[in-house]
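Read the structure below first, then the notes.
As written, the chains take the letters A, B, C and D, and residue 1 is the first residue of each chain.
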Amino acid sequence: MIVVMKKGATQEQVEHMIERVEELGLKAHPIIGTERTVIAAIGEKRDEHRASLESGPGVAEVVPILAPYKVASREVKPEPTVVRAGSLSVGNTHLGVIAGPCAVENEEQLVLTAKAVKAAGATAIRGGAFKPRTSPYSFQGLKEAGLKILAAAREETGLAVVTEVLSEADVELVARYADVMQIGARNMQNYRLLEAVGYAGKPVLLKRGASATMDELLLAAEYVLNAGNPNVMLCERGIRTFESHTRYTLSLSAVPYLHDRTHLPIVVDPSHGTGHTNLVTRMAAASVAAGADGLIVEVHPNPEKALSDGYQTLDFAQFEELMALCRRVAEAVGKRIE
Amino acid sequence: MIVVMKKGATQEQVEHMIERVEELGLKAHPIIGTERTVIAAIGEKRDEHRASLESGPGVAEVVPILAPYKVASREVKPEPTVVRAGSLSVGNTHLGVIAGPCAVENEEQLVLTAKAVKAAGATAIRGGAFKPRTSPYSFQGLKEAGLKILAAAREETGLAVVTEVLSEADVELVARYADVMQIGARNMQNYRLLEAVGYAGKPVLLKRGASATMDELLLAAEYVLNAGNPNVMLCERGIRTFESHTRYTLSLSAVPYLHDRTHLPIVVDPSHGTGHTNLVTRMAAASVAAGADGLIVEVHPNPEKALSDGYQTLDFAQFEELMALCRRVAEAVGKRIE
Amino acid sequence: MIVVMKKGATQEQVEHMIERVEELGLKAHPIIGTERTVIAAIGEKRDEHRASLESGPGVAEVVPILAPYKVASREVKPEPTVVRAGSLSVGNTHLGVIAGPCAVENEEQLVLTAKAVKAAGATAIRGGAFKPRTSPYSFQGLKEAGLKILAAAREETGLAVVTEVLSEADVELVARYADVMQIGARNMQNYRLLEAVGYAGKPVLLKRGASATMDELLLAAEYVLNAGNPNVMLCERGIRTFESHTRYTLSLSAVPYLHDRTHLPIVVDPSHGTGHTNLVTRMAAASVAAGADGLIVEVHPNPEKALSDGYQTLDFAQFEELMALCRRVAEAVGKRIE
Amino acid sequence: MIVVMKKGATQEQVEHMIERVEELGLKAHPIIGTERTVIAAIGEKRDEHRASLESGPGVAEVVPILAPYKVASREVKPEPTVVRAGSLSVGNTHLGVIAGPCAVENEEQLVLTAKAVKAAGATAIRGGAFKPRTSPYSFQGLKEAGLKILAAAREETGLAVVTEVLSEADVELVARYADVMQIGARNMQNYRLLEAVGYAGKPVLLKRGASATMDELLLAAEYVLNAGNPNVMLCERGIRTFESHTRYTLSLSAVPYLHDRTHLPIVVDPSHGTGHTNLVTRMAAASVAAGADGLIVEVHPNPEKALSDGYQTLDFAQFEELMALCRRVAEAVGKRIE
């Protein structure tokens, strides 16, 4: 990292900071400029020490140089990771499509949806059994009964099951039924939960927090990878910005940006990312063109009567259209849905 | 609009507000709820009066119902507008591609670029003669000499010229040379300039301000349309968010969102929208998949030596790749570059 | 809430939506405007149904009218809540001051700090025993050993102990040592944890998530209140915005805004809210002037050697200055530190 | 600045970049780290060249070190600037208070307001004669007639006149009547207008753009200073963030942050910064506690009937309260309103 001294910093202050840098086990290279002195601190990744250096006497600013994540980095593993879970393959040339309702409501709803999305070409079913709801007065999910319904839908259709886990206390239970454990955006920095799904071993779909930078997303993935679980899919699902005409701002630049920096596959959620049914199909196609390795899309037999998220949910006919468009775009960019 | 009264609002306050609403020429429909009273104010678009109602006694909030733009609205003109300027057609099934350097530096640079982008399939040339620079110490453009070079490049290649105008004082001069007058993001709410390009009559490419909502963009377009100029292209070029790994956050949801609300064509700028050369091609493809009617892309013979924006500029080979990918995606979504 | 129909919505669609509204147990008041029809849906708070209505045929938009929180609302309890925990009183005219290091590092560090901040006038000690860290490679806290050190500092000084709990699994343990359980910004929407601290019964300091709206903060508080725990302090600690010169953007308008809507006391954290030592004192004073009921400030015997957050931490002399300034401002606005 | 090379950058690429840095007239200091090479580029401020270096072969990133503004910098002029314009003094220990209606509506309204705010202690009158309005259908101001009314109010009360100029074409006209020329947030990067007010010579109140960083605000000031006008007041008036419960997010940390970096005085606008009458007084007090050198506040004889901005405007009694509170806080922090 680079320690930038203030314009009037004294020789003594510069020497003090050189000493501090070396105390941290880094090599200090002072550079005397025309207007101020900077000290390059070279060594293993130690950007966490940035904190203490910045409060040193005469210091204007400390500028980090190295990315703080390691195992997720493409510098460490250049070839793309392909995550596989039953019928679902995500990464490299494989475009996975996960579709299903926001919440599991009952067996009929879910099995009907699973059959319809499979017929349209989806490669996994999604559905929430544990629902994180902004208000304590909203529907909180069917819990274990919901997991059993998901397993029944897998039985019926062969589709892999993707479902969210909200609490470390539920990890073992959810892992018994799910093929992929989803970590929701609100829990992206719930570190205990990240470690727990890391140890549980099932593939993980990690959603980006609504105000998380891409570096923070990679560091959250690092918690899972670090616990010995290499099968992590990152998911862009929209960030919070001043623009309120859409529910979130889907930041598709995240797809090529992350592909440059990490070998992990990138999934996009155009349903939460836009919050409006009529924007989902176009943004799914745009995600594929941006290079996404997977899509996760909300589909319900009758969105108008869905217990949650109806305003961003497709019905079966709309989902078929989405698949037709995405298949054409996938071909144009060299990806396959299978 | 809807005037929401506070929980404890008195009968007298409600009556006062009904009177106020009617003074504004609107019809008041009071609705007595279980917890509070709301007054629906019905009539012509008058959301500008929201300001004064909100400070009324006992009022909790005023909720606007109608979109504030008129001429730009798809409700007024359902069929999509196609903007044509020489070699450039933008809108409906026509995908226009505007390419060229950030700034006009000299004739050789510009003519070379114009020939290269034309060969790759671009349908217009861009280049700044007047440059808005964050710092007064940066290169400010060649001004009229730059405009002459642009005209020479048009002469040579037949490509339409798109160039920015910064000031009402320059509108006449720029209109003499340009086929399309560009209003930059920093000037999206420079209302005098909007009116001036409205009266000048040449087609206008209006860039979204970095913190402008989509409604504000449509209202800015309204200033140009209102001055009698129907040929306005809107341009998404990234908004400012907390994410600093990219220069701006390119909000591609703006494309289908705006298409729902306006008949005006939507152009995307993946160069400014990302700020990194290696993200431009993918985001151009994603823009096309999202339904964009045009692209505007920075291209330079040698980006490393460009006087501005080199970090987000493609060289000729990179631009050819972009065009090849975008053509395939355009075909997949039913658009044609021509 | 208000269901706004599209301009061209048919009579049939309007009737369908009236039916849907009444199925939800609400009373429907259709209002025929000059350009479009709106349906006011009146009844108990049911804004969660907004989701399903928005996907109805012919619907343009659904506009919520009522705030979604209940128990936290000042409409329900007009007089301000005062939260008391040992030496700490927060609310109404009582200004509480919580000070101490980011992380508990060792007994000497903590007891020294506790004595110093008490001497300067602080009314509680803070210190993290469980640390949520963005990177898995950063210091994670002393855990139970840290809690014991906090208890020792309380023994020594009489100051109440405020400390963070990261996981439902630790709630019982932390409750045994802490006087106030802190929920960090990253966990503001970890609903299981909110319920767990709700049931544990100790007063709670609930930090606003970096991208949480004020309504979402109040709904998170609602999870704790709903579990039977009335002693909740809300904490503004900065939101994430495009401005990166400060770590977060401390939104002091939240103080008077929340005071209007809730009876719960509001604490401000100028340390995380700015991320720079040299901004903390001024922003603490500004918080008090804005009407804050409490402050939480990072203080360390030697910030330059702190294991975390050194760049935003005050030393003892700086904290004394802060207290002197805040005392004068508190007096000017009618608050007392005691 | 620091050029960070990619991990696998070749010796040849490093040498190429050293050459490039030296071509720009900077001195290159390459530093070979354990994982990658960085090149420190030392010399006069040349961060504008960052653009071209970033597109060099093998370059990962270019990190700027020096602030890009010069004349505004406190490093150049350590003592605070005091701007004086008739009855108004802003800077150092002088707290100026500018108050008046959003728009000049008629002479009676303005003179009445001027007398009332003077009686309460304001030191200048504000009022818009040229109004920048988001919608072309809103009231656009009385133009020269409005300026004459402002001059009449000065005549009557002795208060200095602060009013906005929207266009270079009006600079001469406005300068004839105004004591302080205000540049609105939408025009912060209208560089021609900045230069024009720079040459006009009257003191300037420069409002921060809604999405401008603090560095960009200082660079905009640099355009005015550079044209030979040293009397610039910076104005924080709220930035655009995801929080929509307030009109903007008033970022008071800007006050101490800017005071650290510039000698120019800082004014705060709590009216636009919050957008709600009932938040203005508290945020005015908080601004003073944060160290603001001035306040600009919207006041109207009858806000409910104001032609614009009524929802954020104080009536005379509310403004008296604001002044009483601010006077007490000013005293607590060592400032004087006079």
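The rule we apply is simple: contacts are C-beta pairs under 8 Å (C-beta built on N, C-alpha and C of every residue); 3 or more make two chains touch, one makes a residue touch a chain.
Since the model is a prediction, treat every value here as computed from it, not as a measurement.
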Using the touch definition from the top, list the chains contacting both chain C and chain D. A, B
Compare the CA centroid of chain C with every other chain's and tell me the farthest one. B
How many Å are there between the centre of chain A and the centre of chain C, using C-alpha atoms for each centre? 26
Chain centre separation (chain B, chain C; CA means) in Å: 38
Roughly how many whole angstrom separate the Cα centroids of chain A and chain B? 30
Sequence positions of chain C contacting 2 or more other chains: 45, 211, 239-242, 244
Applying the document's contact rule, which stretches of chain D touch chain A when the two form their complex? 2, 4, 7-8, 29, 31, 33-36, 38, 40, 42-45, 63, 65-66, 75, 211, 240-242, 244
Residues of chain A touching chain C in the complex: 20, 45, 48, 50-56, 62, 68-70, 132-139, 166-169, 186-187, 189-192, 209-211, 216, 219, 222-223, 226, 239-240, 277, 303-311, 313
Under the definition above, what is the set of chain C residues touching chain D in their complex? 211, 213-215, 239, 241-246, 249-253, 255-257, 260, 273-274, 276, 278-279, 282-283, 285-291, 325, 328-329, 331-333
